[in-house]
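Chain naming follows the written order as A, B, C and D, and within any one chain the residues start at number 1.
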Amino acid sequence: MLQIENSAFAVDERGYYGDFGGAWIPEMLYPNVEELRQNYLQIIYSPEFQEEFNQLLTDYVGRPTPLYYANRLSNEYKTNIYLKREDLCHTGAHKVNNTIGQILLAKRLGKNKIVAETGAGQHGVATATVCALMGIECIVYMGEVDIERQAPNVARMKMLGATVMPAKSGSRTLKDATNEAMRHWINNPVDTHYIIGSVVGPHPYPDMVARFQSVISEEIRKQLFEKTGSENPDHLIACVGGGSNAAGTYFHYLDELSVNIVAAEAAGHGVKTDKSAATTFLGKEGVLHGSKSLLMQTIDGQVIEPHSISAGLDYPGIGPMHAHLWKTGRAKFYAISDDEAMQAGMKLSKLEGIIPAIESSHALAALDYLKAGSDETVVISLSGRGDKDLSTYMKYL
Amino acid sequence: MLQIENSAFAVDERGYYGDFGGAWIPEMLYPNVEELRQNYLQIIYSPEFQEEFNQLLTDYVGRPTPLYYANRLSNEYKTNIYLKREDLCHTGAHKVNNTIGQILLAKRLGKNKIVAETGAGQHGVATATVCALMGIECIVYMGEVDIERQAPNVARMKMLGATVMPAKSGSRTLKDATNEAMRHWINNPVDTHYIIGSVVGPHPYPDMVARFQSVISEEIRKQLFEKTGSENPDHLIACVGGGSNAAGTYFHYLDELSVNIVAAEAAGHGVKTDKSAATTFLGKEGVLHGSKSLLMQTIDGQVIEPHSISAGLDYPGIGPMHAHLWKTGRAKFYAISDDEAMQAGMKLSKLEGIIPAIESSHALAALDYLKAGSDETVVISLSGRGDKDLSTYMKYL
Amino acid sequence: MNRLEQLFIDKPEKVLNIYFTAGFPSLSHTLPMIQSIQDSGADLVEVGIPFSDPVVDGETIQKANIKALDNGMSVDLLFQQLKDLRKSIHIPVILMGDINPVFQFGIERFCQKCQEVGIDGLILPNLPMAEYLEDFKDLFDRYGLLNIFLITPQTSEERIREIDHNSKGFIYMVSSASTTGSTSGVTPEMKEYFERVNAMKLSNPRLIGFGIKDKETFLQASEFANGAIIGSAFIRAIQNPDTAIDSASEFIKSVLS
Amino acid sequence: MNRLEQLFIDKPEKVLNIYFTAGFPSLSHTLPMIQSIQDSGADLVEVGIPFSDPVVDGETIQKANIKALDNGMSVDLLFQQLKDLRKSIHIPVILMGDINPVFQFGIERFCQKCQEVGIDGLILPNLPMAEYLEDFKDLFDRYGLLNIFLITPQTSEERIREIDHNSKGFIYMVSSASTTGSTSGVTPEMKEYFERVNAMKLSNPRLIGFGIKDKETFLQASEFANGAIIGSAFIRAIQNPDTAIDSASEFIKSVLS
């Protein structure tokens, strides 16, 4: 894991990306978060941690994941498209890069219980997986709606020995699962570590998760250089739910201003409807789940229940790093509707034999807006595989 | 792909492994099979084929797959267990190694339609996948029973644009799907290639499929050497349905007589019941699907309908190479019951965070019989992931 | 001389070969059906040995196979049923089936039994020529059994010559690339193929099979070969066990009318 | 002097602080409820600003939040309802809630309004001390608002001292590591924690909250601090809109009986 320093887009001393971030947490969580803040960099960059982390990424997760030149998709879009194959990670998405990191950290902090939230279930599965691997007790909160629409992942968590707790409040999706997980942590502060699944939450979570995920861009640079002679693509696309796969994909490119950084948000039925999850289009500055960022909210500051066909993007906020990339104009955001995502997912399946997670399909759909040139190079983060989404896809077929 | 020559266990000039093999096909299939026989070696060992094959295995399939030291499983069995992670292959099983090879071959033979049979649906998905990748029409036959019990894979094939044809005769499982696929090929001999999914069928299929899968043992040798200083494990375990993952796992070890080669067959409810698929325990010499091998059959030579909880092992025969390994005593066969397999699959999930395909769980269950020593090394082929099997596992939880 | 060879000397054209599955529609039908086929005027009868997993057969014959097996048919029983075959049957009789039940019965024992009951030839579609020549020919010869090979529109000229060279009795010309039971009639492509093979002036007679279903298609096929084989259409006609014998006779008479 | 500070001078022990959610159980209950709480003898009232996603709250208060939002409660409306607060209410009133609705209202505007209607203090659980000191303290001071900090059994001695140093009014001692609404009573671990903090001789008064539900637990808690806070148990008592005011009064009287 390469460290980067002095980036204009890195977190600052106070835990902020520009105006966004911080640790807006109740006192009950202060000791845990503070312990993490004081120790995370030292622990994760220790040689012994790095060795264990890298070994597991290689032997267990299956890294490096390929950077695949998608020939037929490139022909379709008359450009040069490379897919970063996070779908080939053990458990089927990039999420495991982070959970491997956090479980190793939790062990070193002496924690013997894990709590997590999950939306699509991928982070829940990835967490249950590393807990099984380490023999650690695991509780995963998941919205009742998501339990329904991502049933295979619920079964997987159970197989892995985790307890899946339904979140029954609010929209009964990711946001509510996160509330419940935080409450659980408040109620169990001593021996429990909370494995957040994206670059959200109080500092140092966004930075920590981004660093664990930065293995993605570290690999892309190397692989793209081998394939094209240049480390830098012209365009770099990822979907943004909380933003962890995007953070990992962008990480080592943030200061490479020649690289056009593109984020695909979930527009749901459209940004002009009340069924959307496109935070940068619909959100305002606000505080949720421990950090200040962009947040979909009413004029009274109540959180708006988001909608996306993709459980993993069905979240009313984004990580503070992405709010900063948006505000500074470093990243360009597109709002991708449910239908556009589904079409893009089916297109990739038929053209390349790869069924993407519906989350990742949002990133693919951004190709329609990008208008990349025939001599340009596009790298897309294929954050996960679509096995969990088959029943949703079948309705569109 | 390394070639091996002069092996005592390789196929001979006539297409036989000892007493087993040959091309027992009707005249309708002769031109296709003969064309294949005359060309396969020359094509697949051409540098240009090798380059394309290896590139796809790397960038598309995600090879090399890791050889993972399973720490907690090793502690449980008081030995040293390495898992060959074919579950991390694109599409979730080793099957794709073969379909990539065959689709490249089919293209070079000028075929523009593909037919395949499938049991667990993994081979069907792997075939549909490479057909999508190459933009080639694809028809997959699948037994009605298997369509039911492996529903996610049916959905995946549809997403990939393949036509799934139900096989409604006999036990409505893999054997019947194979009958139908062969009939389809008979009816469409000119522009169709039949991608068989295991080391079964008329010569040269068993040899061809084994060579494509031999990338597994090629990698194991290298990886095991890096990890232990020796290329050779003490024990090498794989499950045998038709036997393709086993063939690939054993390939470069067949002449290494110090390596104890172990095959796990599906005993179903037990070899003493009439619900079993343990061919070496229950079969006699016979001819089915184009080759002479061991076959579960009545005294009158009618094929017995097999039973296994695992659709991929629910087949009344085994590949001729395995019949030969059995007859010569080179491989030791264990019959693993449904229950033993399910327990082994759940054990791996809970101990290592890896949910295996139920097929692969049979290989894992062989550990209970093996009694490997604490200073010995065991390599197990984890042929696929269990996502397709969740509903079956849930019934056992 | 083998009855089959004699047949084609006596009647070089419009030879009608009827296929049915032993033990179909009822177990007891095997011999009476052969009798009815002979009595109705067919020249040759091909008795199918049912197999659980017949690959070359289409749906009609697959189902007849299953029915016959459910009825209890087996190789052993078939030979018992044919014990007195030659007391009343003078037309050639050939057995047709998958190689596996034959293997299990024992090849030599099988040949012996064939000779005992008076079988003239065998069609074993998944016994390849190479295996036949190496391991089976001597046995078959010893017991007076002719092995009938198939050719298809895809069979190369070279291989047809080889098959002709190794054949006795007749060559089974599969009319089109298909399993049994397709019902397309004689298409222009088939015609081209029939004429192509005709022009090769093979030493063996040829019967055309697959897709022959009635008088019209029988006569069409007979124009290009020494006759034809009807299987699926015949099976379809004799489904009802109560009327099977009469239906058989009716069917054959309608073809020969 | 701020009413809160005055309170603890006047009554250094057995201070009863009652929490309820603004707009609960009916929208119109806010001011009448404060009145009832005062009239029933409580010393202090904590009015919750409902939020859609309250993290520190247990189920009872979460539900009250949702009910209040469904009723139409908002920060804006709350200040309208409290316009005449000080016409009849003389006990200290503090507002409690998530920081986000406050942000959206505008921090300075919020403070201004608080001063206007006569609010004495704020509990904003997810406003961390560091942010408070940097960006909020000056404003709060300017508008005469005391910021109440929480401490928990896990808060280190060092941080407790820091909080004490930065506090005015009182310190909110969360009785155990939990969200609101747990009902375990005073356990030996809590006692140990209360005594530990007692021994630190802080400069601010302390009220114990979370898990206080009736007279018994109120008196237990009061042994270790200057009084206690009742929230979930009170909310549970006033569920029925038709009888809420009477139930409130009954509940408080039973605690103080």
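Methods note: a contact is a pair of C-beta atoms (placed from the backbone, for glycine too) under 8 Å apart; a residue touches a chain by one contact, two chains touch by 3 or more.
These numbers were taken from a predicted model, which means no experiment stands behind them.
Peer 1: Name the chain whose C-alpha centroid is most distant from the C-alpha centroid of chain A.
Peer 2: Centre of mass proxy via C-alpha means gives C as farthest from chain A.
Peer 1: Quick check: how many Å separate the C-alpha centres of chain B and chain D?
Peer 2: From the centre of chain B to the centre of chain D is 67 Å.
Peer 1: How far is the middle of chain A from the middle of chain B, if each middle is the mean of its Cα atoms, in Å?
Peer 2: Between these chains, centre-to-centre, one finds 35 Å.
Peer 1: Give me the residues of chain D that touch two or more other chains.
Peer 2: Not one residue of chain D touches more than one other chain, so the list is empty.
Peer 1: Mind pulling the chain B residues that touch 2 or more other chains?
Peer 2: In chain B, no residue touches at least two other chains, as defined above.
Peer 1: Taking touching chains as linked, do they make an open path (line), a single closed cycle (ring), a hub with spokes (star), an all-linked set (complete), or other?
Peer 2: line
Peer 1: Can you give me every chain pair that touches, using the contact definition above?
Peer 2: Pairs of chains that touch one another: A-B, A-D, B-C.
Peer 1: Using the touch definition from the top, list the residues of chain B that touch chain C in their complex.
Peer 2: 14, 22-28, 30-31, 169-170, 175-176, 179, 182-183, 186-190, 284-290, 295, 297, 299-303
Peer 1: So in the complex, which bits of chain A are touching chain B?
Peer 2: My answer: residues 58-60, 62, 65-69, 72, 85, 87-88, 90, 92, 128-133, 135, 152, 155-156, 158-161, 346, 349-355, 386-387, 390-391, 393-394, 397.
Peer 1: Where on chain C does chain B make contact in their complex?
Peer 2: It is residues 51-56, 58, 62, 66, 69, 74-76, 98-105, 125-128, 130-131, 149-152, 154-156, 159, 174, 177-179, 182 of chain C that touch chain B.
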